[in-house]
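This structure is in C-alpha cells; I'll ask about it shortly.
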C-alpha cells in the first residue's frame, strides 16, 4: 500500500497498456462496450490480482485503490470509441502487450521481493504477473494463449524478472536499473516478434501406427 | 463467519440456483453424474471462492461451512435426476442464472464492504462474485462466456452492486433495500433477455486489405 | 512450511509426475521448449497454488520453496528432450496423471486438515488440489477437461480424500495408511481407465422441436 510514486506510475502505465491491448482484442472480436471493458479490465488487472493473492496483499490493489479500475475502464472506453482502423489494431495489441509485459515484470518482481518471497519464487511471480493478464485475455476471447505460441514471450518476462532480482540483490534496484530492465523486456519481445524468434520444438519420431495428434 | 441468518439464506439460495444453472448446462452437454455435480459446484461456489480469496477470508465459506457444498451437491443431483425436458432446460438455465446474479451481487458487495474494501472495489468484487460462477461454468462447458455476449449481464450486476454500496453508505442497507436491489438485478437481466437489449458495438471501418477477424 | 520429510517427498513426487504429464501433453501439441515448461509448471503446481491460496499459506509453497519449481522445470525439460515415441506418450500421460492424482489427493487433504479446515471442506480441497493441475493443463492445451469426461477421475480423488479424512479422524493417518490411500486412488483411476468405467448420464427425453445441443 505504501507503493512509491514511480512504482505506482509504472504500475498504472502497465494497467493502461494492457487494458488497451485487451480492449483492442475485444473490438476485433466485435464484443459490445461492456465486453470490451470487461476484457480490458481482466487483461489489465488479472496479473496483478493473481500477484496480490499470492503475496497475501488483501484486498488486491485492483480493488483497494480505485485508480487501478478507473485507469482500466477509461482506457478501454477510449479504445472502444477512438480505436484506429482494424488492420492497425492487431499491431497495436502486440506493441502495447510488449510494453505491459516489461512494466509488469518489473513491478511484479519488486512487489514479491518486498513481500519477502525468496528470489526464485519472486521471479516466477514477476513473470506470472506479466503474462497473467494476456493469458486471461486470450482464454476469454478464444485465442491460443500467446504464452503457448512459438514465440519469445514468457521467457522475455522471466529474463527481465531475473535481471530485477539480480539488481535487487546487488543493491542496484534504482530507477535507472529498473527502467533498463523494463525496456530490455519490451525490446526483447519486439525483436522476437519482428524476427520471428522462437524456442526449439521437440522432434517427434513418426508414430508406428496412425494416430491423432501428429498435426501441429 | 458471523454471517447473519438472512444473508446466509440469500447466499445459500444463490448457491442453489447457480448449482441448478450449472447442472442444467452440464446435462445439456451430456456430462455424467459427476461432471454435472462438478459443473454445478463450480457455478455455485466459484464466484464466492474468488470473493473470499480477495477479501482474505480463509478458508473460503465454500470450504468452511459444509452447508454450501451440500446445497450445491444436492441441487445438482436433483437436476440430474429430475431435470425437465431438454427444450425447457435452456430457459431454466437463463432464469436461474438471473436469480443467482441478483442474490450474489447483493451478498458479494455486502461482504466486501464488511471486509473494509473501499466502495469502488466492493462494487467490482460484488459484480465478480455474481458473474464468476457463470463465467467458470461457460469456460468449462465450452460456451462463449455469457458475460461477453451482447447482452446486459455484468452491467446488471454492476448496477446492483452500486445500488447496494449507495444503500450502505446512506444507512439504508436493511432487508427491504437489499431485497429490492436483488430483485432489480434479476428483473433487469430478465427484461434485457426478453427484449434482447444489448450494449453498443464498436463500428469498424472496412479494412483496406482482406483480414481475418471481421466476422462477428 | 514445517512439512515433514515424507510429506515433502510425496509432494515433490506428485509435482514431478504432473509436470511430466503436462509436458507430455504439450509435446503432443507441438509446443516449443518454453510452452512445454509452462504447461508442465501449471500442471504440476496449479493445484497446490490453489490449495495454498485457499488455506491462506502465503506465499504458496510453489513460490516459497524453490525445490518445487526446480522439480517441475527439470522434469518438463527431461520430457522435452527424452520423451519416448509419440504413440506411447498418450498412455504415459494417463498413467503419470493417475499417480499424481493419488499423491496430491493425500497431501492436499492432509494440508487442509492441518490448516484447521473442517473435514467436508478438507476433502473438497484435497480433491481440487489433485484435479486442479490437470484441469489447467487441459484448458491451456484446448482439450476437454479430463474431469468432465465420462470417466472416474474426480470421484477417485474424492474417495481418496474421504479415506484420508477418516484415517485422520480415527488417528490412523500414519505413513502406511496414507500410502494405501494414495495407491487406492491410483489403482481406482487405472482400473476405471482400463475397464472404461464411467458414471451414469442423464436420460434426455427427445425434444419436441429440433434444437442444438442434443449431440453429445
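A, B and C are the chain letters, set down in written order, and residue numbers restart from 1 in every chain.
Keep in mind that, in the parts below, a residue touches a chain if its C-beta (ideal position, glycine included) is under 8 Å from a C-beta of that chain, and two chains touch if they have at least 3 such contacts.
The model shown is predicted, which means the values in this text are computed figures rather than measured ones.
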item: Chain copies touching (chain A, chain B) - same or different residues, decided at half shared; value: different
item: For chain B placed onto chain C, the superposition rotation in degrees, Cα atoms, nearest 5; value: 120
item: Length of the line joining the C-alpha centres of chain A and chain B, rounded to whole Å; value: 27
item: Contacts with 2+ other chains: residues of chain C; value: 53, 56, 139
item: Chain B - residues contacting chain C, complex; value: 26-36, 38-39, 49, 53, 56, 58-60, 62-66, 69-70, 80-81, 83, 85-87, 90, 139-142
item: Contacting residues of chain B [partner chain A, same complex]; value: 53-56, 112, 115, 117-118, 120-122, 124-125, 139, 144-145, 147-150, 152-155, 198-202, 204-209, 211, 213-214, 216
